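Read through the structures below before going on.
Shared between the two complexes below is chain A, which has chain B as its partner in the first and chain C in the second.
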Partner chain A sequence: MTQASRVKKLTDSVSHIEVSPPRLQWMGHSRQWGTRVKKGEHGLRLGDLNVGIYGEIPQHWEDQSRRPRGAADLPGMPPLPYHLRSKHQLWADSAADLYEEAIQHRWIPATDIPWSELSPLPDDVERAMCQVLTELMQAANAELESITYWQEQMSYGYHEVKQFLAVAALTCARHIDAFRKRCLANGGGLGLESRGRMNRAILESRGGWTEAVVYIYLLRGFHVQNQYRLLLAHAHNAAEREIFANCLADHSRHMSYALDHLKYAITQQASQAAIIQTLLSLGESTLARDIQEPVQRSALAIVFGGGVEGGRQEGMATWRAMVRQSIHDYLDACEWLGIKRNMIQRRLNALLPPDEQLVPTERG
Partner chain B sequence: MNGAPDLELDTAWMGRMGEWGTTVRPGKRGLTLEDIRIGGYGELPEESDNMSGRPRGAAERPEAFRIGGYTVRSKREIWLENATFLYEEALQRQWSSATDIPWETIEPLPDDIEEAECALCTFFNEVEFVAGDVPARWVANISPDFFEARNVLLAQVQDEARHMDVFRKRALANGGGLTRVTGATSGFVGGIDLSRDFTEMSSRMHVSGEGAVLSMFRMGELVGQNPAEKRMYRLCAQDEARHVAFGIMHLRYLHATAPDRHEEIEAYLDEAENLSLTGGTNPAGPQAETSEALAILLGGGKQHYDEGFRILLAIRKRQLKEYMQRVKSAGFGERFENGRSPVPGRIAALC
Partner chain C sequence: MPTFPSVDWFNAVRERYNTDQTLHSGGGGPCEAKAALCIGDSVYLLEFEGFECAEILEIDRDDIDQADFFLEMPMPEWIDMINNIRENGAADLDHTLSTIDLELEDGLPRAPGDDQYRRDLFYRYNQNFQDFFDASAGIATTIGRVD
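Moving on to the complex of A and B:
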């Protein structure tokens, strides 16, 4: 059917209806007419659109409606509960690029993981792997629940961040999906649920998105990142390699946003560095307790050591090295952010080798 | 590590794990969430007591903190039978507005058509904001025992982010720009985003709101002025169809399992038929400014406004018929026979 005949068929039954003349009151309100953004070698990206008034990102966005940034206002609209309306509360310059990258690097647990490559593992190793993944599922769950709690409170003056976080939340769900499939695909099952100390700290962090970012990413993020890294290095087959390589790339993207945001928040808000110092002093103890938790620690050591026997020496040594690396990554990031930790909570400090320990504090 | 805490290997937890010995093999569609709904892992509770956020089927730990704060804990409040299918399909059909739209096919348009397209894109930004914000708000309130349904909502949030993105890109790509907002999605009591019950929200957003938008997207072949716009509407329609399917299938489940809520659902449908379908949130609705913009696009310019408006009326009729079909499919079709619904009368008026 041609377009013309399709239109005729559509309109035959309404051809008798009289049409009132249009009022066209919506015309002529554009704040910047004549915008013509061209696509580049990577397509037409979100960040490319930030030209003229459309690229003016305000320090504060009073509008509590759903007006897209750059659109003309319609006065008199009842407000919606957008509580995060200042740039320093959520912004990261990299958000638009990270959003596009996340879209490009999407993967599908059902079909992109070579599940047929899985093969039976010794019972202790299978149990350890399933336990590790059960805990990581809960970490990803806390991350996505925190993101979605804050996301709807973020104003549309900063849509790039909302869009990045929309993808980040689904990414967390995809991790949970992949881990669950791995647990149920190789003769095992799910493990024991997490004790959940850090998950609790994250979900009860309701003072602001920046504070949640401190706990999810700055404090715990490196520990999660290093677990993915070591699990990738100790993968038993191509399926596990693919899972952990994807998760590592995704998580690193989330970390990039987080550190970029924290840097921005600290630079723009005089009191922010001190607040983060306090949060870290309180949170380090919680993180240290989570790291030392016997179940996850032992399960990781068994995976790294290739079994219970190997886990006692080699596996535990790898685990210690991983924890050391995570703490150093964390301290380096703090220094980069300008919140150098001269003292760290004694439980976390005790996880470093003696010659690398800092001044311990009892706080937290 | 001198001074380090005692870190002996603990294996006692190996006897406290979830159901053991599960081996699932991938099928022709890979290893889907449906495939792993086996044994105890596939059993969903009618009422979830999981307040610690543990994955369904993981072994409970008595000392775990009750950190979930979940308010949606009844299966009937959230469930739908095809959640796993919708989630897997959403992942398979993700697309990129940066690279999957042939932006190079956009050519300069007459000012009236460009402005009409930009007005529509501005409006779609507003409504996609709602459809992104609202499901996100519910995710953290839903027990992870029903994670399959939650995953569909999370995929929707990402879809809507991409829709905002593609409509913003279109508005700024062809010599136009964003126009004035309609305000149709602001904080009105009774609106989609102020609903306090998940099913209430879903019936408003998925069934009536997104249903109306889906009918519009499906007319993209007529509205679109070039291959880029036609593709944009086609891809958005594909996503939107999943979101509408979520709402319909959830209503169907509720219809089958919760007869005590039938009258309440009918009341939401009454509201939708009297407000959402006719008000400003329906881009083709009689009270919407966007109707004029659509008529210009459908007619091919202001000078063909009447012709375009008649096509719009036909679209409106189609919207109503599709809406009826969806509601019938959910099990609430009697309202169209017993005189409760004004929709059949509205369709008759357009004939």
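Moving on to the complex of A and C:
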């Protein structure tokens, strides 16, 4: 029997069965139909879709399901542990644009970095560079783990932020990847594990995503940003230059989200500024102890000074200037956010030149 | 041959930057920012949109708040940077915007009203701005008066 005759025999055998026409009732379930968003000059971007009900971003999102914002709800869906359901806990107006920027600013460490441009460095410089990158890998890893911990708890009502942070986590993974490759591609290897007090503070922060943002970005972010700036300026070859230029742009994008979010949170929540002040008072001495850690400090000085010898004077002077700049950037950001720090923790204050020191608090 | 600095010179750079994709370094990505350059007595507003520099305008100093941030250096330092780019095909490590920024005590970018968020656009799009200036390497240039 051929295949065709087999099918005919089967069809004939069920021809007496009456099949009801499909009801397709689900087709009537849309909260807003007929939407036609047009692409703009720069394509059809995530933020462009916020039209009609799809652009209604509530202050609080009661729904604990995975229902996309604007979709019709299905009664009886069991709740999921989305604990961050208020806009002030995560929102930044720039999130949709930053998401678009992040997915377009893509670079592949395996192929976009001109690895063949690496050349042997003096042993002390290679060891110092690998040590610096080992610690930066740990910082990027703490950022990644903190983002993913909180991102999965964020309500689907704020998908712009969830999507931006998903890419931010990928970006952190990319940095870890690039640093590891740089360490293992030029005759060196990984260095010593960091004590990572700030990493621990970030990972153990459980008060909410805003608290994590305060630690990762407002408090430590400028120190990381300035390390990238200086490593870019002291790059030994085109490969390092490309790595640090990309990391600087990526990290600055994360900082943009963070500052925008903190500004929003402070504007929306009367007590938020005071809470951030408290968090900073707790965190500043931890950051200062990390900055003063002799391993990373000397490794950075050797890179900036071009060797152990140059690291003693020139390298340490550059390191001190970098730390000064980081603290000033941090204080400027606090002021911009409206949480001016009139007093800072003693350890952090001591890292500023004497004539620039603020009134230190007793603790720290 | 356009003179640096002038709208004509910046437009020549803009034309090259917008049309030669090889000038956009890996990961450059799109850029949405308005940067003002204070060069001598003149202020140039560079508007970046997506992957292009969309417009160059000469503006009054009083209108600088149209920009997200502005970069200001003495004329000889601008010329030194431009000459270095022309000689090397791209800025060497001593003449990148990033290095110049680090060498200035208060940094290179300033934002109108000290808006930190807008000032940080300089770091977010640093590669784009560097690529733009590096595009000037192929532009036949007459250097204007230094005074």
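Assume the second predicted complex is superposed on the first by the 343 of 364 C-alpha atoms of A that agree within 3 Å, B and C clash if a C-alpha of one lies under 4 Å from a C-alpha of the other, contacts with A are read in each partner's own complex, and residues count from 1 in each chain.
Simple rule for what comes next: a residue touches a chain if its C-beta (ideal position, glycine included) is under 8 Å from a C-beta of that chain, and two chains touch if they have at least 3 such contacts.
Small disclaimer: the values here were computed from a predicted structure and weren't measured.
In the overlay built on the shared chain, the residue A:Asp124 is in contact with chain B alone; chain C does not reach it. Look at A:Ala233: by the touch rule set out above, it reaches chain C but stays clear of chain B. In the superposition on chain A, contact is made by A:His42 with both chain B and chain C. Set against each other, chain B and chain C touch different numbers of residues in chain A, with B touching more. By the touch criterion defined above, A:Lys87 lies against neither chain B nor chain C after alignment on the C-alpha atoms of chain A.
Legend: residue contacts after superposition of the two complexes on their common chain; A:Glu101 is shown touching chain C, with no touch to chain B.
Residue contacts after overlaying the shared chain place A:Ile17 against chain B, while chain C stays out of touching range. Of the two partner chains placed by superposition, only chain C is touched by A:Leu248; chain B is not. The interface of chain A with chain B overlaps its interface with chain C at residues 42, 100, 104, 106, 113. Put simply, chain A touches chain C in their complex at residues 41-42, 97, 100-101, 104-107, 112-113, 225, 229-230, 232-235, 241-242, 245-246, 248-249, 252-253, 255-256, 259-260, 263, 325, 332-333, 336.
Across the complex, chain A is touched by residues 25-30, 32, 49-50, 93, 96, 98-99, 101-102, 107, 114-117, 120-121, 123-127, 130 of chain C. Partner chain A is touched in their complex by these residues of chain B: 1-5, 7-11, 13-14, 16-26, 29-33, 36, 38, 41, 52-55, 57-61, 63-65, 67-69, 88, 91-92, 94, 96-99, 101, 103-104, 112, 115, 118-119, 122, 125-126, 129-130, 132-134, 136-137, 139-140, 144, 147, 150-151, 154-155, 157-158, 160-162, 164-165, 168-169, 171-183, 185-188, 193, 221-222, 289-290, 292-293, 295-296, 302, 305-307, 309-311, 313-315, 317-318, 350-351.
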